[in-house]
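In order of appearance the chains are A, B, C, D, E and F, and numbering begins at 1 in each one.
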Amino acid sequence: MSEANNKKVLGFGEVMLRLIPPNNKKIIQSNSFEAIYGGGEANVIASLSCFGHKTKFATKLPDNSLGDKVIRDLKGFDIDTSSVVRGEGRLGIYFSEIGHGYRSTEVIYDRKYSAISMANKEEFDIKCMLKDVSLVHMSGITPALSKELYNLVIDIAKYCKENSILVSLDSNYRAKLWSLEEAKGFLEKVLPYVDIAFLGKLDMTNILKYEDNDLDFEDSLKELYKELFKNYPNIKYAACTKRSVHSINNNSLKGYIFDGNDMQISSEYTFDILDRVGGGDAFTAGILHGVINNMDSKKTVEFGVCASALKHSIRGDINLVDEESVISLIDKGLQNIKR
Amino acid sequence: MSEANNKKVLGFGEVMLRLIPPNNKKIIQSNSFEAIYGGGEANVIASLSCFGHKTKFATKLPDNSLGDKVIRDLKGFDIDTSSVVRGEGRLGIYFSEIGHGYRSTEVIYDRKYSAISMANKEEFDIKCMLKDVSLVHMSGITPALSKELYNLVIDIAKYCKENSILVSLDSNYRAKLWSLEEAKGFLEKVLPYVDIAFLGKLDMTNILKYEDNDLDFEDSLKELYKELFKNYPNIKYAACTKRSVHSINNNSLKGYIFDGNDMQISSEYTFDILDRVGGGDAFTAGILHGVINNMDSKKTVEFGVCASALKHSIRGDINLVDEESVISLIDKGLQNIKR
Amino acid sequence: MSEANNKKVLGFGEVMLRLIPPNNKKIIQSNSFEAIYGGGEANVIASLSCFGHKTKFATKLPDNSLGDKVIRDLKGFDIDTSSVVRGEGRLGIYFSEIGHGYRSTEVIYDRKYSAISMANKEEFDIKCMLKDVSLVHMSGITPALSKELYNLVIDIAKYCKENSILVSLDSNYRAKLWSLEEAKGFLEKVLPYVDIAFLGKLDMTNILKYEDNDLDFEDSLKELYKELFKNYPNIKYAACTKRSVHSINNNSLKGYIFDGNDMQISSEYTFDILDRVGGGDAFTAGILHGVINNMDSKKTVEFGVCASALKHSIRGDINLVDEESVISLIDKGLQNIKR
Amino acid sequence: MSEANNKKVLGFGEVMLRLIPPNNKKIIQSNSFEAIYGGGEANVIASLSCFGHKTKFATKLPDNSLGDKVIRDLKGFDIDTSSVVRGEGRLGIYFSEIGHGYRSTEVIYDRKYSAISMANKEEFDIKCMLKDVSLVHMSGITPALSKELYNLVIDIAKYCKENSILVSLDSNYRAKLWSLEEAKGFLEKVLPYVDIAFLGKLDMTNILKYEDNDLDFEDSLKELYKELFKNYPNIKYAACTKRSVHSINNNSLKGYIFDGNDMQISSEYTFDILDRVGGGDAFTAGILHGVINNMDSKKTVEFGVCASALKHSIRGDINLVDEESVISLIDKGLQNIKR
Amino acid sequence: MSEANNKKVLGFGEVMLRLIPPNNKKIIQSNSFEAIYGGGEANVIASLSCFGHKTKFATKLPDNSLGDKVIRDLKGFDIDTSSVVRGEGRLGIYFSEIGHGYRSTEVIYDRKYSAISMANKEEFDIKCMLKDVSLVHMSGITPALSKELYNLVIDIAKYCKENSILVSLDSNYRAKLWSLEEAKGFLEKVLPYVDIAFLGKLDMTNILKYEDNDLDFEDSLKELYKELFKNYPNIKYAACTKRSVHSINNNSLKGYIFDGNDMQISSEYTFDILDRVGGGDAFTAGILHGVINNMDSKKTVEFGVCASALKHSIRGDINLVDEESVISLIDKGLQNIKR
Amino acid sequence: MSEANNKKVLGFGEVMLRLIPPNNKKIIQSNSFEAIYGGGEANVIASLSCFGHKTKFATKLPDNSLGDKVIRDLKGFDIDTSSVVRGEGRLGIYFSEIGHGYRSTEVIYDRKYSAISMANKEEFDIKCMLKDVSLVHMSGITPALSKELYNLVIDIAKYCKENSILVSLDSNYRAKLWSLEEAKGFLEKVLPYVDIAFLGKLDMTNILKYEDNDLDFEDSLKELYKELFKNYPNIKYAACTKRSVHSINNNSLKGYIFDGNDMQISSEYTFDILDRVGGGDAFTAGILHGVINNMDSKKTVEFGVCASALKHSIRGDINLVDEESVISLIDKGLQNIKR
């Protein structure tokens, strides 16, 4: 499953502006916001860029300075932005009050009516978008934004299947955007075209309504993956993580990948958190890096989890670490100073 | 036209979040925003609070932390917020890149779909809102936001007329929100109920389509005001300013007030600008302060322009200066240090 | 012991300016200070405001911008400030170098000669202050500031007793302000009027000189409370916490409440600390919330400790969390993100 | 009047903490303060240090971190602090809201009860303080702080006269600290010991009650100085500036020095202001630099005014520029960049 | 002289890290630096990018995070960085204390031993660098850095001439780097290959030793340009500006362009300065934009000066404004707000 | 081994500028740097100053504002800088990206070609430098910078031996600067003059090539120290720490001191880290403090480790804590607040 010569990995999805009161303050006591531009699919693509892959990103952005800023940030990662559509409308925003100790992080969404969520399917030229692309990564958030995007995601997946382009899909269920039933409908439509599926246990039991067996977590997950692969024999890999929350700023993470036969399990890593956003996307990018480079599953899942562990030490949505740093963590563990 | 014993001045209108890249940066080069919450009508009311009046504000705010923050800021000014409606929706936002020298300030609006702009007229209880109120201040922005608000503003104005509550209206035409014709329709509907009209020369020639005579600015303005008072004999005062822009950060200001017979003209003040937003609202508040306190027109317009000149030296939308500071500027002019 | 219809909870005490070198710096290496305005009694009242109670605060503040700022902050919490006395003098200040790891937090007091500490008893109109008030909260700091305030606190407590207003008192012994003997004299004078007493084990053994038995902490505390209630049968509740200090930034907390018969004990919570100041006041407010709302003692003490645990995750003196957040922590424990 | 070999210039006076809301904000809207430690006499001494003189400073400071910080800042300027007295008490504070445009800078003093103002004369060892000192600079603020300091300043001046140490005195009248009559009494007592007097026109007409003649400013000033020198033939130089305030942030400055016969007048400089505090002290230091180095009066007054003009471009109280920068401004005028 | 279809404009030169004490502080009083990465040639290329041109940049950067950061910033402007050489060494640094009023900006260079200045000519592949390039911009700084770079610049210029690639050269004489004689030698070697020469009056009189005539500035400049074009008939355009320094933060600018026959002169613009660095590069980019787009000389020089005037209102080295903003200033003059 | 009356402790070595992206950011995402000036030997001397010793520092600094800033910082600590050489050249710089969780701290050195590393031995006047000095502290970094400094360090050590000045040496091996063999050569040359040697286990096994025995860490260390003292009977004390890295921000530390007979071992301390730089230097200063004050070895090593533990809670290179704070930690352990 090697990356075709010089072909690109494309991400498609929404990019939003995240506004954060500084120093763990609450909105009510703050007179400024830190501003970060990101989104699940873009985070994955930018991380793959840092790992050395050729990348491309497609989305719709408003025709103003906020859109320009997103373009500039993407280009800084050497991401091809030639398929980004510009036009009327607003950039989706969300505010996040970063929690501490026992205080939860609270998110206020202001993403409705964004330019991409109000776009017509026809504004995107699938053929052009996928030229020179060997793998497409999308998530279950985009189809939840509008009927047009729902259909577009399906169309892209189909086009990929017909043109031997790999499809990676992250379920990423958001209850604020649609119901479990709607998500189920979508997954059942798209999974026949998917090669790499980022689905966790709850995705399979709560959305796909697979029967929850009585086994412990890992055995149960493996059984569920088996059923998934039986239903969708096209899937080549399924992967997910399990997170244990010790405090808002200290979590543990373990990764799982299933290849149809075996499930490989990573070591568990416990770490302090500088910025939690994008932790899952870093895992996804790590897994895709392993899959593209034909690493074995054991190494792939370890790479994914270590990539995610490192992301939690980086401010902002995007995992700025390179391949070497991840491998160094896998091989040598924690190092104090690199002079 | 004295303030009834202990009665309040009410403002009704939208409050928005203003996001500003710090240190005159452009959005494309900034990773944070200063956050200020304000709006024309709220700015007027808060300034009146600082001048010592009893005040109240009505609007609709989203039922989240951003709405809470607006409430808290208003309460900090001792403004009665009991008539603020809370509910679903978003807080309107605008981004402003503060210009410098020859570089214009640029505003990106993201105000569509705000909670108030999507509210139903019925969500507001006019009778309750106007209990214990002696003067209401509104602007031409609110009716431009939705048909519902258009009708609500007219209803409020009518209710005031029937209940001997004074009505102050600031035209505040925004081409991005509606056409000159729509604005004309509104003004013609609302002016019969208005006591104090903040209309400039262009409002009368471009919106109301009064004939532009060939006179110099001041004579022309006076003629236009005469026509206005002929058409709407209910109007007691009309006022406006003329601004000369020497550079983004240095302007001059002169004020005018017409009482049906005479037009009083203030001195001209030239000043450096720390924050231009709310400069007009500070003038409006200054005029209302003079009118409520039965100051003579000459003193009223001087008070209005000095209030506005001082506002330009204050960060944020709201004129934090008290009555004494304005009078000190009128009487003694610029003072270096007050120990 | 339910809150009389629409009656207010009043706090009386000093408000000070806290100046903090940013980023855990020491004063010697810092060129700026973060500024926070607060005080034990004000913190309790503001927290009760956040929990939904009607509140009022009385103090004396200097007649300058620093006093204005305190008023504005209190009003932002919807606290009635009509009984705040303004006049000549200074605002008390303290500097705190926030510690880290093994380095203790160090406090430099500059509170002498503050406006309130030099005020005459007659400047405060007790009757007016307590109009529409159902509960008064005071602390043992105020009487230590001056003889005048000492007498005033006793007078307020007496007036409450005569007018069926509940009295809450937090011992809050400060060795820098007075001796153990002086504190003993005060407590013995005021306790006959107190309904809810925030006294810890050391308050009873070191100040009140109750005999320290040889029992373990919890049994010992219960015995001491029994003696307290025997001496002052008017007391309805006594409460305190026990704090274990693992490092400057990581503590554990457990709460205790005694109702004359039983002592209820909360779970123990361990948490990282963003700002320790106001942690005790948050507990006090939580207990008062439970008492006012007739919650049972078990739930009250759990509410108090969870409120305090959450406070440690909030910058500033005041516990900005609402009732729902506290209940969510009690019922569901730590949650990662609330979207 | 050359500086004795290796002898030091001593300053004696109060050092205070200046707290400034950042970005021209008002206290009511700010949650932090910039912190600057300074005082008129210390500013003069530090500037003389930057000009290359050996210096020493005497004062009383509280025995806490704030006092340590002052010591450290003075030592950073290579100022001998061996005669600084430490002890109980507080550091005087003042808050300054920096104005803008038409908004005046407002100062709130919180300097009462400072350690130095409550010190006994006996705490200072004059003989030790003045060992190896060739010139002492003091101001009219210190004697206004307490009777003890009043007497101490007179004692120091007397001791200097008896030991051939030059005395420099800056009148620096502050109406908040004492009356014109009290200041007159002090000046009449101290002037017989003064060698270099920093007195402006108002000091002579309002405090010393010299008759104001009808001449224009410069002629009038010269006549007043003549009378001063007639009364106090011991005075060798008298100097002052005239400031024209165009806006809070743009002033002009002109300097005057009188040597008993002639009055030399500097060029007038107009400049934008970064920080106005210490502008007068920079002039004083510049004049003292000229006097100590036996520069002619014309050059001395030009040096003084240029030093002051440059100070207005420096943040903080102290004129950080060296002799070369002042001379470069005198000789070459404004230069854009020094690479 | 139109840009060949889709061909790029290449810049070649050094990129440095500029470290600036914030808020006009001096290094001695600051504990942080703002960091900006730029350089004359890169600034020109980035500005051309903002004007819509396809661009490329060549340099040598150290193989560390500082080099990565420069690459990322260039890519953010959509500049092709494929010819950037990476390797051992350091990034050149300079510190600049931004002046104010009468205080000059002071620059401390720490640029010696930078990676590019120690590079061998052979590390750069001229052919590859100039593939698909239609215009190359270089400056007189690069040849002053080392003999290797001296020869490389000449080689690049020669290669361009042989391959019909336009050459733009900015003299940019720096006395700290080489002597007038060395600069003369270089200019005489390179000018035969130059198409667009950015040379001012002093470059021609002081470096090239053309005789300074006695005419006024503009006539004199025209005569000097005539002599230049006589000596180097290959030159198509020569251009420069004249700057008048009213204060560090307020300058005037006028532009001149000569095309062999006529000299066109722009209007004069006076403006406040936010950041002066890159003002000249913005003019250069504006002129190149006009030349590439075949604008007439009058319009070209006005565009260049307006671009430069706008740059002075932008923080950082690079002129972030687009073509439309420049044209708007030319056509409509100063506008207050663009909503 | 008591400090001679009033004699000074001298440090000799390089001082560098440390540039740190704020808030744990990476260089690639940051637009500013915090600036800290320090160096191993200077850190030791400054800490000794805070402990109350008379101190002096010798180095070479560039003759510009950066050098001035270093001087000013040293003087602020009351360090005698009269032997600091100023001249041409640059200040060494290093950039450090502070890690977090699993992300290592990364250091980019830009120290080559610094003024001191290019200095001639003759620029330093050893006799003058060591006047009134009782102890000299140097490290193994200085001789690695240049042959000249190598010889100078040996010369200083020799001069000390001849003049009964104690010599303290910290091995501080840096692989980037020289090879193990070169370091061995140096140590063998200098150790015969050393009184107090800061050498860890790896210094003895890897550099000095002492045979690594098979014992556990502590026994092994003691055996190695015995061999060291056999080879260099002049050595009076040898000391080192063992650090356990739990995460980038949480370490444990234990200290060891050997006096020729016994090895004393401190308690182990575990702590969160605010700034790790200077942790070793704080230990060194603590040990020297104990040695100078003739504390017994057990107390000395406890003092050294507690000093180091406290340093990790201080921002910047230098341990700002005084003797009392260290003793308080030894005696009373962690205290929450010191009021």
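Definition applied: a contact is a pair of C-beta atoms (placed from the backbone, for glycine too) under 8 Å apart; a residue touches a chain by one contact, two chains touch by 3 or more.
Computed from a predicted structure; not experimentally measured.
Colleague: Find the chain most remote from chain C, comparing centres computed as mean CA coordinates.
Modeller: Chain centre farthest from chain C's centre: E.
Colleague: Give the label of the chain whose average Cα location is farthest from that of chain B.
Modeller: The chain lying farthest from chain B is F.
Colleague: Taking shared residue numbers divided by all residue numbers at the interface, is the value for chain A and chain C over half (same) or under half (different)?
Modeller: Chain A vs chain C: different; shared/all numbers falls short of half.
Colleague: As a quick test, compute the distance in whole Å between the mean CA positions of chain C and chain E.
Modeller: 64
Colleague: When the centre of a chain is set as the mean of its C-alpha atoms, what distance in Å lies between chain D and chain F?
Modeller: Roughly 42 Å separates the two chain centres.
Colleague: Can you tell me which residues of chain B touch two or more of the remaining chains?
Modeller: In chain B, 26, 28, 31, 72, 106 touch at least two other chains.
Colleague: What does chain F use to touch chain A in their complex?
Modeller: For this pair, the touching residues of chain F are 23-26, 28-29, 99-107, 109, 174-176, 243, 245, 247-249, 251, 276.
Colleague: Okay, in this complex, where on chain D does chain E touch?
Modeller: Against chain E, the touching part of chain D is residues 269, 271-274, 306, 309-310, 312-316, 320-321, 325, 328-329, 334-339.
Colleague: So in the complex, the part of chain F that touches chain E is made up of which residues?
Modeller: The contact residues of chain F facing chain E are 19, 22, 26-28, 30-36, 64-66, 68-69, 72, 90-91, 93, 95, 97, 106, 108, 110, 112-113.
Colleague: Please output the residues of chain C touching chain B within their complex, sorted ascending.
Modeller: Checking each residue of chain C against chain B gives 72-73, 75-78.
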